[in-house]
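Each chain gets a letter, A, B and C, in the order it is written, and its residues are counted from 1.
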């Protein structure tokens, strides 16, 4: 068992690190497919990547119910670290979560099990944060939509392999939908619900 | 006494997190107004509290901030807001559009084209474009949910029937990404085309009405119109009297009580930049004439 | 020759210096102290605390002094400060039944257990300007008596025992309390949020809205069941300690209106409630609030909501004087860019009108 004193630390400078991390995430969301770096570093418990940890410290708090996939939830350090540094309540019911942390994309549940928002309040939807292997190797994807000047090309090694096929539900649901943030180490890419993706093969 | 101590950029971190989450959802749903728990700011509601909260949530020490009101950096409220951030966040400020990374504005979009490294933050008084047609939030929210915008077209069409034109000169409604009808804030309709396919991220903050919305970069923004009455941006008959610009938005300055008037750029940075680059109008201001070595 | 307006920064600084000078007034007159404001303008302090939603007499007095006595400006100052304070949680509900009452009146019964207690009130004073107050007035010592130990149960509780009034809805244990300063307000809003909105609402606005219900715009047959003013204890449940910790005591005014009854084939008829609560002593505010609270319950009580005071969106969206002041006064800010756009359009329309008339006149002349 890890005691609180032994938990990996949060940001060294809470205020400025959160600001810098937020700007990276904001830029990622505003320019889907672009790879943004998260500069400020915090300690991260085992299964959590550095980028994921920084995003958690930046956006999670008492007001954001949080859903963890089995990979994340099985680590006592992850839950303890999140509770201590963010105070976000961990929920079992993914349909009420503001954020979902997915450590094992291979076991990602159907997007329908998350909050998709309502017609009146489409913003009340889960932001799903998925840790992936890499933005330097893997398949190529063509992205179009708001935030993209014509076409953006994303290279990523992603599990589940059919992530973008699954995200097609966003097309029919809009303005309801799921926003996805992909994290690989300290790099982050956002796929908001407006982004349409075409696989380019390998 | 509980002596106040304030955080970087004034807002506490919990508030910033709440606003930041709202901004992310606003970007993900272009043109949709995200409700947020707007805080009571140390300036009055209606004086830019929404824009100030958005700016405070995004601003970092590396940013260079520009604040304009009516296109000018020197209007009193722009000065007041610029000083607020210089004091609470210690950020560098500028009046030059090209140097700014964050531009907070009231009622104008700068004439100079914005770039990908910039964020434009609008102060919004009434974010709901349907509000003057339907005062009830419950109703307008339903209309947005169903994309039921007939009422707006009826209003615009009534204008045409009565005046021969769409009689909306500012806060001219737009449709974002072919879905949400959005209020561009009370900018003159002259500025509407600048919002379309803009490389910069555009964020909108309405403090009193507690709404944040956004237009991501490179997003389609169309001013509402009809096939037989297409949207026409406002045009001036004369160039700027100071810099000679023919395609900028002009302020009318009344010079006497006998009908004398002149027209000058509302974007003061743009106008000064043009004058410094050697462009002249019919009545160029004295300092620039002196610089050019002539005698006024 | 027109030169672009510069020097706004200097102008602002100078305006604020002049304001500070005017605030102080004639410096041969003694400066007013916060104690003097708190002690001698106590009802102003109460109002600023209530509508500023911050119980701190000293800060409210400072705000009144800083605002030159403009209470809405003072409320604004307090609100802006309050917005930056960290939140630890919500207090336990205060028990107004256990209030140490200084004043307590009921218009529904001639006498009530614990008695009618007039306390400090303007009621029954003759509103004649009193020159003796102008300077050096020393009031007589107040009349005293043995403090009564008799309980002072709330009139609505007495009615409630016989089922004559609807029971006050109780929140579930552990249910969170809404807070419209922390979460965006959505309509329809629950009563906790409505009451919070009204408690922060402008006294004048609530007075006018409450008054309108009496004049037939959403009439609800009110009786002032009870108005009480006094001190109550505030406690906070400390999770670490596992018990409620006393934080201190505050002064409150509470008004419970007893209103027209409801009932149906399945439900025995009973009176309904309207509720008002404010910091300090403020009967006008709490009575108005209770009338408006009752009016806003129309939906919940199955009444037709036709009057302004019954219209939740209308009342809640316009009750806040800090919001209202800001937006009304923002019309002072420059709007010349919009105005220019409007001016250009108007000139164009007038030109077209003139051209059309001229061509009509030519046609007529040609015929």
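Throughout what follows, a residue touches a chain if its C-beta (ideal position, glycine included) is under 8 Å from a C-beta of that chain, and two chains touch if they have at least 3 such contacts.
Owing to the predicted nature of the structure, the values given are computational and were not obtained by experimental measurement.
Taking the mean of all protein Cα atoms as the centre, the chain whose own Cα mean lies nearest is B. Ranked by distance of CA centroids from chain A, the top chain is C. Centre-to-centre, using mean CA coordinates, chain B is 34 Å away from chain C.
Rounded to whole angstrom, the centroid-to-centroid distance between chain A and chain C, based on C-alpha atoms, equals 43 Å.
Among the residues of chain B, those touching two or more other chains are numbered 7, 14, 35. Listing the residues of chain A that touch chain B in their complex gives 14-16, 18-20, 22-23, 25-26, 29-31, 58-61, 63-64, 98, 118-123, 125, 127, 146-150, 174-175, 177, 179, 192-194.
Every residue of chain B that touches chain C in the complex is listed here, in rising order: 1-2, 4, 6-7, 10, 12, 14, 35-42, 44-47, 49, 69-72, 74-80, 83, 106-108, 125, 135-138, 163-165, 167, 169-171, 186-190, 208, 210, 234, 236, 241-242, 249-253, 255, 262, 264, 266, 268, 271-272, 283, 285-287, 296.
Chain B makes touch with chain A in their complex at residues 7-8, 13-14, 16-18, 20-30, 32, 34-35, 57-61, 116, 141-142, 144-146, 177, 179-180, 199, 201, 214-220.
By the touch criterion given at the top, residues 1-9, 11-12, 56, 58-59, 62, 76, 79-86, 180-188, 313, 317, 322-323, 325-330, 333-338, 340-345, 348-349, 352 of chain C touch chain B in their complex.
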